[in-house]
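Lettered A, B and C in written order, each chain numbered from 1.
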Amino acid sequence: MRTTVAALIRKDLQLERRSFESVPAMLMFSVTVFVLFHFGLDRNALAGDLAAGVLWVTLLLAAVLGMNRLFVAEREQGGFDAFLLAPVDRTAMFVAKAAVLFGFLVAVELVAVPAFVLLLLEPGIGQALPELLAVLLLADAGIAVVGTLVGALGVQTRARDLIIPLIALPLLVPVVIGAAQATAPLLEAGGADALEVRWLGVLALYDAVFGLLAYAVFDYLLEE
Amino acid sequence: MATAATTAPADAPAVALEGVGRAYGERVALRDVSFTLPAGATVAVFGANGAGKTTLLRILAGLLRPHAGVATVLGATFPDEAWRARGRTGLLAHDPLLYRDLTVRENLHFHARLHGVPAARADALVAQVGLAARADDPVRTLSRGMTQRAAICRAVLHEPELLLLDEPLANLDPGGAIAVAPLIGREAGPARVLISHDAEQGLAEADHVLGLRAGRTAIWAPVGAVTLAEVRGLYA
Amino acid sequence: MTFGRGLRPLSIASAVLITGAFALVFFYAPNDADQGFVQKIFYLHVPLAIVALCGFVAGGIYGILYLRSNDRAHDLRSYVAIHISLIFAVGALITGSIWARASWGHWWVWDEPTLVSFLIVFLLYACYQPLRFSIEDPERQARYASVFAIVAGVFVPLNFMAVRLAESLAHPRVLSTTGGAMPGDMRMTFLVSLVGMACLYVTLWKYELAAKSASIQLRSLRRRLAGDEGLAPLQRSAAPQQL
């Protein structure tokens, strides 16, 4: 199982490096949306829950771009068949794809979050950084799990780019709630407040429940 | 033909189909198809477009589940024991199953890892089919003939016991056809299910002939008992 | 396969219970102290919401049953359950909105977690039929729909918890504040409404199942008589068309 997951991840990273389809697009999209928010809200600087909301909605929408692309190569270039013919545990594809999406999200955030701080955030991010990292990682895990599941669900349909966000975004509302509520005190204008741990708990619970669920049902999406 | 070991005993047939059927919604693609293919033998499958050949191949590969009847491939009854035959059949269909943005070598190494085969074997195959010079070019830059050679490497990489070939020599120049013969030709060894639109060539390669018309078996006989005219009649 | 068993007694029971519930609401249940007569829409809104939620979860359970057995009858049950629940959910949204308008002056309030959760759940399940419709192969359609039904079914309670945590409890919600301490006559009316709504749901569910399965069987009989090519091919559909 581990070698299969490693082989799949390696293949996806090779493809991404070769074609640069996902990460740059997600990144440019995030920065563009920050600019849009600046004009849309007519604000030079945001703080507190407004900042948290803008950050998380933007990251979520960027994630949708990644979800849309996640299984396209498999679908269009026979990757599903090749995988189904191999003597491997089929759940490896779920694990590998979720790991790849998670990796993409982290890569995007490495640039998008500093960009956000630079462009729109009023206070510095300073000492709240470790807590912010925790929120980012937990939320990314949830987005990766649900995104992989919905990506696979949608890739075989005709209006794939529409149906994936329409299903994924409502499913990710608890993640937005948890992440935004957790991040808001960290971005307060007067300096970061304490992080409310219960929101981390909400995120962790969501990750666990959907992680297990996706792990259990994913195989059914691969059969013909 | 249930066995406890993962490989079937030498005298067990490679493929045994009994009354196999498959429908897509209401459209019946295969109906009551039965035949037995001994180990190491070749069956040539003929039929017009839409006769059910691709469906048959995909069922044998384990990608489609039969809706009726029993399909036993390499000793494993589909669909319940399909996992036992996985990795022991090699499929070569219209889709090369290669990622266009990756190089030939990267693609084959990926498949090698999936099948637990050493990468050196992939490299050896690439050289054998004459692709060594282009092995590090992305697949999308290759001509159709070269892509076909790469796809053949992919299909035989894991030394399958059963080859499922859909027009394997399409797009290949005579040099290519000669180069791949030891891999997918009669002398390669494994049992073969060969779809071909070239009646003469198909008959020359086969031990048995299966002719499909509208999803049903129109011809099932040893190759000696079938005339060229009968095969051509399937396409009428 | 008979889906219509018990349809007549169920229909009668539903009719009786619903009429009874209405009677109780209008003549028996007390007027709420601060919200007045309009509060009585609660007897419609909350049962609609509860039954819709149970219906969604039931759809998920039938999804699990289908995946395990490949019996298309389960897929049909799942489809109809979600279909009817969606209608009930819209009803819950509309009645909730009316209640909000009448009590607090706005057509929509973000402070009411039930209403907000329902909006999200509605947005999610509104994708169910488009998803089904966009997949042509019936087996795959049933399988993907089942996966969706299961994931969405698990999501519904999680979503409620998350939204409830997030929204301030600015407005008293009758169920939670009075809970077991609901005055006797209110509780009785509520229970009758709830049971009546549940009966109505099951009746509608069975009705639609019977109708659909009858037309599926009719078509398969026709096919047997006319031969494979004798009938016009099936149109694409979100609903299961074969059993």
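In this section, a residue touches a chain if its C-beta (ideal position, glycine included) is under 8 Å from a C-beta of that chain, and two chains touch if they have at least 3 such contacts.
Because the structure is a prediction, the values reported are computed rather than measured.
K.L.:
Closest chain to the protein CA centroid?
P.N.:
Closest chain centre to the overall C-alpha centroid: A.
K.L.:
Report the chain whose mean Cα position is at the greatest distance from that of chain C.
P.N.:
With centres defined by C-alpha atoms, farthest from chain C sits B.
K.L.:
More C-beta contacts across B-C or across A-C?
P.N.:
Answer to which pair has more contacts is A-C.
K.L.:
Between chain A and chain B, what is the separation of their C-alpha centroids in Å?
P.N.:
40
K.L.:
List the centre-to-centre spacing of chain B and chain C in whole Å, with centres computed as mean CA coordinates.
P.N.:
Here chain B and chain C have centroids separated by 49 Å.
K.L.:
Please compute the C-alpha centroid of chain A, do the same for chain C, then give the distance between them in whole Å.
P.N.:
31
K.L.:
What are the residue numbers in chain A that touch two or more other chains?
P.N.:
223-224
K.L.:
Touching at least two other chains at once: which residues of chain B meet that condition?
P.N.:
Not one residue in chain B touches at least two other chains.
K.L.:
Give every residue of chain A touching chain B within the complex, in rising order.
P.N.:
On the chain A side, the touching residues are 3-4, 6-7, 10-11, 14-15, 18-19, 73, 77-79, 81-88, 223-224.
K.L.:
What residues on chain B touch chain C, complex-wise?
P.N.:
Those residues of chain B that touch chain C are 24-28.
K.L.:
Show me the residue ranges of chain B that touch chain A in the complex, using the header's touch definition.
P.N.:
58, 61-65, 83, 86-89, 91, 95-102, 106, 110-111, 113-116, 138, 154
K.L.:
Would you mind writing out the residues of chain C in touch with chain B in their complex?
P.N.:
Residues 136-138, 223, 228, 233-234, 241-242.
K.L.:
Hey, which residues of chain A end up touching chain C in the complex?
P.N.:
Touching chain C from chain A are residues 149, 153-154, 156-159, 163, 166-167, 169-171, 173-174, 177-178, 181, 198, 202, 205-206, 209-210, 213-214, 217, 220-221, 223-224.
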